[in-house]
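I've put the structures underneath this note.
Below are two complexes that have subunit A in common, paired first with subunit B and then with subunit C.
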Partner chain A sequence: MIGYILRRLAQSILVVLVVTVIVFILLHQLPGGAARAILGPRATALQVAQFNTANGYDQPLLIQYFRQLGEWFTGNFGFSIKLNQSVSSLLAQRLPKTIVLSLLSLVLTVVVAVPLGIYQAVRRNRTFDYVATGLSFIFYAAPTFFIGIIMIEVFSQNLGWFPPEAPQSNGVGPIFEQFDAMVLPVVTLALLSIAGFSRYMRSSVLDNIDQDYVRTAQAKGASPQRVLYHHVLRNALIPIITLLGLSLPALFAGALVTESIFNFPGMGLLFWQAAQSSDYPVELGVVIITAFATVAGNLLADVSLAIIDPRVKL
Partner chain B sequence: MALLEIRDLSTDIALSKSVVHALDHVSLHVDAGETLGLVGESGSGKTMTAMSIERLLPPGGHITGGEILFDGEDLVQLEEPRLREIRGGDIGMIFQDPMTSLNPVIPVGDQVAEPLMLHRGLSKAEAMKRVVEMFGLVGIPSPLQRTRDFPHQLSGGQRQRVMIAMALICQPKLLIADEPTTALDVTVQKQILELVDRLRQEFHMAMILVTHDLGVIAGSADRVVVMYAGKVAEMADVHTLFAAPKHRYTDALFEALPERAAGTGERLYSIPGLPPDLVEPPPACRFAPRCRFAVDACRAQVPPMTRINTPYGPQEFACFVPRTTPLHEPEPMDLRTVVPEVARVEPAEVGGRGWVAPTTFIPADGVPILQVQALVKDFPVTAGAILRRHVGDISAVADITVSIPRGRTLGLVGESGCGKTTLGRLVVGLDVPTGGKILFRGRRISQLRGREAKEGRRNVQFMFQDSYASLDPRMRVRSILREPLDIQHVGTPRDRNERVDELLAAVGLPARAAERYPHEFSGGQRQRIGLARALALQPGLIVADEPVSALDVSIQAQVLNLMKELQRDRELTYLFISHDLSVVRYLSDVIAVMYLGRMVEVGPAAEVYSHPQHHYTRGLIDTIPIPDPVVERQKAKLGVRGELPSAMNPPSGCRFRTRCPMAQDICARVVPPLQPGGGSEPMAAAEVEAAVASAAARGTVPHMTACHFPINGHSAADTLVEGAVSPVA
Partner chain C sequence: MSDPGRAQVDSLGEMPPPEPAAAAPTGLPVGQAKSMFQLGFEVFIQNKLAIVGMVVLVLAVVFCFVGPLFYHTDQVTVNLLTTNLPPGPGHPLGTDETGYDQLGRLMVGGQASLTIGFAAAIIATIVGTVWGAIAGFFGGLVDAVMMRVVDAILSIPILFLLLFIVTIVRPSIPVMIFVLGLTAWLVPARLVRGESLTLRVREYVQAVRVMGGSSWHSVLRHIMPNVIGTVIVNATFQVADAILLIAYLGYLGLGISPPATDWGGMLSNGTAFIFTNYWWLIYPPGILIIVVVVAVNLVGDGLRDSVEVRLQRR
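And then the complex of A and B:
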C-alpha cells in the first residue's frame, strides 16, 4: 500500500513537471514575449531589452526554465502588475475560498446524487425515474452560466430567498457567517455534477442488481433494504469513486464560470479577470495549481479505490 | 407426506415486447431426505422451477398459477417477510458459479455468517464461531484464517465449499443446488458432489439437484425429473430412468451422449433443430417437431401423464409413443415415422465451380502435420513497489514433445490450469514460446518472415470455446467468414463470396445466414460459424479449444458429428483441447494428458482410456461421472483428490506427486521420463525412436507415460487408497 502510494507520487511529480514544461513553453510563445505583455505595445525596444536583462529573459532557455522551476517550487509565481501583488499572495487569498466552494458542491453532489441514483435504480422505469432522468439531461446539457442566471432570477429576484452575490469578504471564515449567500453558487456548481453522477450511480446500481451475488443474498433471506445497502451499495460505489476523483479538475473549471456569475472572489474569478486583462503571471499560477489538483484527485481516487475494493492490488 | 410438493406450477417472464411461458403446469414432489435430480437442456425450465420455489425469479418473472407446498405452507401465497425466514433458514441454495455468486467486497466469513444473524438472531461473534466450525465441516483448511479472506483469494473449489457452508449454516430441510459443479473442474466436481452428499445425510436434508449432466444425476440422484420446454417430460427413480427411459426426449438425450459411441466412433444421434421458443410454445407435444417417432396425435393434442409401476417405484411420462424396449435393447426401426421437419435444412446453393476442394492441399507424404519439440512457456511474475522485479515464473508449458499425423485428431486433456490452452495458443502462434520448437510440416512457422509467415499462418486455424465472445457482434456472418480470405487475398471478391456460401453449406447452415448477425444464432449454430471461419483458408490443422463445452448434449452431438465428417471429407487434422475426457475419447485418435504444464501420458485413444498407465490419467477417468447409476455408484470412492497446486512453484520431480496415492521419495527428486511403459530409468534414445517409428508406420503413436511407478496393464483400482493424500497439500 505504502509502496504503491510512493510509486504513484513519483508518477504524479513527473506529470506536474511535464505541465511546468508546457506552461513554460506557453509563456515563451506570448507575442513579443513577457516584456511586451507587461510593458505594453508602446514600450520602446530599449525598454524591452532592459526588461529582459533585468528579468533574465536574455539567458538560454534551459537556464531560464530551471530558474523558473526553482521559483515555482519555492512558491514564487511572479508578480501581478495589474493587481500590484505577488501571485503567491493572491493565490493564498483566493485558493482556500475556491476549495471551500468546490468541496461544498462536491459534498452536495455526493449527498444528493448517490441516494438519487439508488432510488432511480430501484424504481427503474417508473414515473420518478423518468422525471429524474429528464431533469438530469436538462441540467447536464445546460451551460453553467445559464443555470446561474436562472437561479439568480428565480431564487433571488423573484422569491428573494437568497442574495444574488456571494460573500465578498477576504478569508474563509466569513463565508460561513454569510452562508445564505453561498447557497446559490454551491447549488449552481453542484447541479451539473449531480446530473452526471446520479446517472452513473443509477447505472452502476442497475449493473449490480442483476449480479449473481444479489440473488445469493436474497436466497439467504436478506430483506430488500439489506440487499441494497449491505451488498449492492459498496459494489456500486466502486466506479463512482474513480469518477469522483477524476471530476475534481472539472469542479475547478466549473468554479471559474460560477465564481464570475456570482462575483465570488475565488481563484476562478481571479483567473477570469486575469484572462481579460492579460495578467499572465496570475494565469500561469492558476494553471499550475489546477494541474496539481488534477494529479491529486487522480491519486486520491486510486487510493480510495484500493481501500473499498479488496480485489485491487497495490 | 412430501416435504415439498409442486402442483401445476406455471411461471411467466414478461419481456419488453413478449411473454415467455417458462413453466407450464409443472408438478413434482420431493420427499424428506431424498435427492431429486432435475435434468434438461438450457431453456428447459429446470432452473426456473428451482427459482420459483423461493420466488427468486428474474426481473419480469412471476408465478401465474399453481401451488408450492413446503412443510404445509404454500410458498406461492406466502407473505414476503415469512418467505424471507424460509429463504436461507429452511431452504438453502447453491448456485452455479461460486465466483460471481459471492459478494466480491465482503469477507467470506461475514457472508456465511449472514444467514445465522438473520434467521437465528446470533451476534456476530457467536455466528463467526459457527462459521469456523462449518468451514471445517466442508473441508476448508485453516478455517479461521479463511473467514477473513475475500472470494477472489480462494480457489474455485474452495469458493464452492464456502457457498455450501453458507447454504447449510442454518441446517435447512431442503437444499436446492443449481448446477453446483458446472463451473468447476472435473476432479473438484467429484469432491464437491461427495461433500454435498455426505452433509446431506448428516443433516437429514432433502435436495433438489439441478443439472444438465446426466452423469452427475446418475451418481447423486434418487429420483429424476426430466424437463423439456417448460414441462415435465418424464419422472422416475434413477435406475429405471437410465435403464428404461420412456419419453422420446429422454431416449434421444441418451443416444446423443458421446459415451455411447466412445469405442466405435460412430455417428452420434443428434436431436435435430432447437428447443421451441416459449413465447409461443407448440400447441401439442412440445417435442414433436424434433421427434423421430412423432405420430399425428403428437401434433394434435398435449400428451397426458401416463403412470406405470416399476420394481423401483412409479414412472411417469407424457408421451404418446414411448420407447418399447429397455435402453440396451435396440428397437425395431419401423417405429420411426418421419424425418422431423426441422431436420430438413436447405443447404446453401453451391455455385458452379467446386472451389472448396474435397481434400486439403497438404500431400500425404508422411511428414507429420505438427511436431512440437521440447516446448516451454513461462509467464514471468513480477512484484515490487517501484521497480517491478522479476520474482518467478508460472510454468505453463514445460518440455512438451508431441506430434500429430496428418488427418488425425490429438485430444489434449487436463484440468484447468494444466497448460492445455497455452499449448494450443503456442501452436497457432498467438503466444511466443520461451523455448523449444513448433514445426508445421517440418518448418518452423515462428521463423518465417513476411509473405511466407502470412501464408504459413493459413495452415493453422483456431476454433474458440465461447462462440459468442469470439465473433464480432457488429459484423455480419458474411464479413466474418470473408475476413480471413480478404486478409490473405484469396481469389477475387466474387470468389470470396462464393466461398462463403460454400462454407456455410459445408457446416450445414442455410445461405441466408450470411446476411445475419451472430446474436441471431443459437450457441450450436454459432459454433458452426466458428468452424466455418476456421475452415475458410483450408487449413491443414485446426486447434479447437473446448469447442463444445458450452453446448447442450444434443447440440454438442451435432457439432461433434460435423467435425468428424469434415475431417473425413477433407483430411483435416485436429488438435482438440477439452477437459471432458468422454468427448475427447469420442473424437480423438491420440490422447495426450497434461498435468501442470507437463505431459504425463500420451498414446492411442482407446489404449489410454482402457489401460491408463499414469495415476493421474487413471484418476481422471475415475472422476468423470458416467451416465449409468450402477457403474457410477460402484466407483464412488475413486478419483483424483485435492486441488491443482500453483504453477508458480510447481512440485519438484513428478509434478503430480502431491496428489498421487503411490508417491515415493524418488518422485520428489527425479522428473520421470516420458517413454513407452514409463519407469525411472531413461530408455536409450534409439529405443524410443524405434518405438515411435514402428507406431508411426501403423499411423499412430506409441503409448508413453511419465511415471516412476506406472500402472502396468491391469486395473489399478486396488492400488488406490482413499485418503492417501490430504485434500489440500
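And then the complex of A and C:
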C-alpha cells in the first residue's frame, strides 16, 4: 500500500514536470516570442533584443527551461503588464473564489446525484427512471452557458428570485453574505455534473445489485433496506471517488464558463479576460495552477481509493 | 467519456469461460469477422433510441447542407434595415442583430459545427489510435513516457488549452478542426493502449504466438478488430464533445470569425438580447446544439451496446 502510494506520487511528479515542459513549449509558440507579446507589435528590434537579454530569453532553451521551472516552483509566475500586478498576487485573489464556487457545486452534485442515481436504480425502467434518464441526457448535452442563460431569464428576469450577477466582492467572506447571488452560478455549474454523476451512480448500483454477495445477504434474511444501504451502497460509491478526481478538469472548464456568464471574478474569468487581451503571463500561470490542481486531485482520489478499497493493491 | 471503454474492459475481464472455446477455431477468421459485424449491426438496429439518434443526425445534416440549396439567404452582406426582426413573412425565424436571416444562419452555422465536430473527431481518433497502439505495442519505457505525456495534457482543462491556442492562431474552420483534433486524441490513445495491453496477454493472442504467428499478425488480425469497436464508440462521443467545445469557444467570443459562424457563436450573439426577449436568437441555436449532441450520444450508446454484445457472443 505504501509502495503503491509512493509509486503513484512519483508518477504525479513526472506528470507535473511534463506539464511544465508543455507550458514552456506553449510560451515559445507565442507569435514573435514573449518579447513581442509583452512589448507589442511596434517595439523596435533593439527593444526586443534588450527585453530578451534582460529576461534571459537569449540563452539556450534548456537553461531557459530550468530557470523558468525554478521560478514556477518558487511561486513566481511572472508579471501581468496589462493588469500591472504580479500573476501570483492575482491568483491569490482569484483562486479562492473559484475553489468556493467549485466546492459548493461539487457538494450539490454529490448531494443530488447520489440519491437520484440510487433511486433510479432501485426503481429502474419505471416512469421516474425514464424521465430522470431523459433529463440527464439533455443536461449532459446542454452547453453550460445555455443553461446559465435560461437560468437568468427564468429565475432572475421573470421570477426575480435571484440576482443575475454573482457577488462582486474582493474577498471570499462576502460571498457568503450575498449568498442568494451564488445560487444561480452554483446550480448552473452543478447541473452538468449532476447529469453525469447520476447516470454513473445508477449503473454502478445496477452493477452491484446482482452480484453474489447481494444474493448472499438476501439469503441470510437481510431486509431490502439493509442490503441496499449496508452492502450495495458501500461498493457502489467507490467509483464515485475516482469520478470526483477525474471530473476536476471539466469542473474548472465549467467554472470558466459559469464565471463568464455570471461575471464572477474568479480564476476562470481572469483567464478569459487574459485570453481576450493576450495577457500571456496570466494565461500560462492559470494553466499551470489548474494542471497542478488536477494532478493533485487525481492523486488524492487514487490514494483515498487505495485506503478505502482493499482490492486496489496494484 | 472514459467510462464506455472501462465498462468494456470490465466486461472482457468478467467472462473468461467461453474464451478458450471461441479461440480454438483460428482457422476461419474471415467468416467469423463478418458474423461479428452482422451481430453488432442486428443489435444496433433493434435499439430504437439509437435509430432515433441516427435519423435526427441525418435530418440535421440534410437541414444544414441541403437546406441552403432550397432556402436562399444572404449570409455575407450586413443589412442594417432588417435587424432583429421577429419571426414573420420572409423570415420564418426572424433576423439577427446584423440583419442576417436566422433560419439561413442556423444552416450555415450548423455546417461549421457539424463539419468541425466530425472532422475533429476523425483526426483525434486517428492520432489517438496510432499513439495508443505504439505505446501498448512497445510497452516498457516507451509506453511510460508516452502515457505520461497523455496524463500531462489531460490534466490541463481542454477549454483552457484551446482558449490559449486560439489566441495564438486566428480561428477558421480548418484551423478549428486541426486544433480540436490535436487536443482531443488523449482519451482514444488511453483506450487503445489499455485495450492492446489487455488483449496482448489474452489466451487467443498468446495461442497465435505459440503457433508461430508474427506479432504483426496478432496486432492486425486479433488486436485491431477488437480495439476498433471501442475506438468507433469513443469517436462518436468525440463528435459530441467537439460540437460542444466549438460552441463554448464561440460563446467565449474566440470561435470562428464573422461573417462565418457556428451555433455557439450564434447563441453567444443572442445572449446580448436576453433582456429584450429576442427569443428567436437564443433558443433555436441552443436547442439545435442539445438535439444534435443528444442524438450523437444516443448513437454512441447504441454502438457501445452492439460492440459489447458482439464481444460477449464470441
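We take it that the second predicted complex is superposed on the first by the 309 of 314 C-alpha atoms of A that agree within 3 Å, B and C clash if a C-alpha of one lies under 4 Å from a C-alpha of the other, contacts with A are read in each partner's own complex, and residues count from 1 in each chain.
In the analysis below, contacts are C-beta pairs under 8 Å (C-beta built on N, C-alpha and C of every residue); 3 or more make two chains touch, one makes a residue touch a chain.
Given the structure is predicted, the values throughout are model-derived calculations rather than measurements.
Undergrad: Quick one: subunit B or subunit C, who's touching more of subunit A?
TA: Higher number of touched subunit A residues: C.
Undergrad: A:Val18 contacts which: subunit B (first), subunit C (second), both, neither?
TA: Only subunit C is touched by A:Val18; subunit B is not.
Undergrad: Is A:Gly221 touching anything from subunit B or subunit C once the two structures are fitted on A? First, second, both or neither.
TA: Only subunit B is touched by A:Gly221; subunit C is not.
Undergrad: Please work out whether A:Ala291 is in contact with subunit B alone, subunit C alone, both, or neither, and reply first, second, both or neither.
TA: Second partner only.
Undergrad: Does the superposition put A:Leu135 against subunit B (first), subunit C (second), both, or neither?
TA: Neither subunit B nor subunit C is touched by A:Leu135.
Undergrad: Which partner chains sit in contact with A:Tyr213 here, subunit B, subunit C, both or neither? Use first/second/both/neither.
TA: In the superposition, A:Tyr213 contacts subunit B only.
Undergrad: Have a look at where A:Val122 lands relative to subunit B and subunit C in the superposition and call it first, second, both or neither.
TA: In the superposed model, A:Val122 contacts neither subunit B nor subunit C.
Undergrad: Going by the contact rule set out at the top, does A:Asp309 touch subunit B (first), subunit C (second), both, or neither?
TA: Once the two structures are laid over each other on A, A:Asp309 reaches subunit B alone.
Undergrad: Taking the two structures together, which residues of subunit A meet both subunit B and subunit C?
TA: none
Undergrad: Over in the complex, which subunit B residues touch subunit A? Could you list them?
TA: 54, 56, 59, 84-89, 92-93, 95, 97, 100-106, 114-115, 118-119, 150, 152, 163, 166-167, 384-386
Undergrad: For the complex, give me every residue of subunit A touching subunit C.
TA: Per the stated touch rule, the residues are 11, 14-16, 18-19, 21-22, 26, 29-31, 137-138, 140-146, 149-150, 152-153, 157, 200, 203, 246, 249-250, 252-253, 256-257, 260, 271-272, 275-276, 278, 283-284, 286-287, 290-291, 294-295, 298.
Undergrad: Which of the residues in subunit A come into contact with subunit B in the complex?
TA: 2-4, 6-7, 10, 210-213, 215-223, 226, 231, 234-235, 238, 308-311
Undergrad: Where on subunit C does subunit A make contact in their complex?
TA: 2-3, 7, 148-149, 151-161, 163-164, 166-168, 240, 244, 247-248, 251-254, 264, 267-268, 271, 274-275, 282, 286, 289-290, 293-294, 297-298
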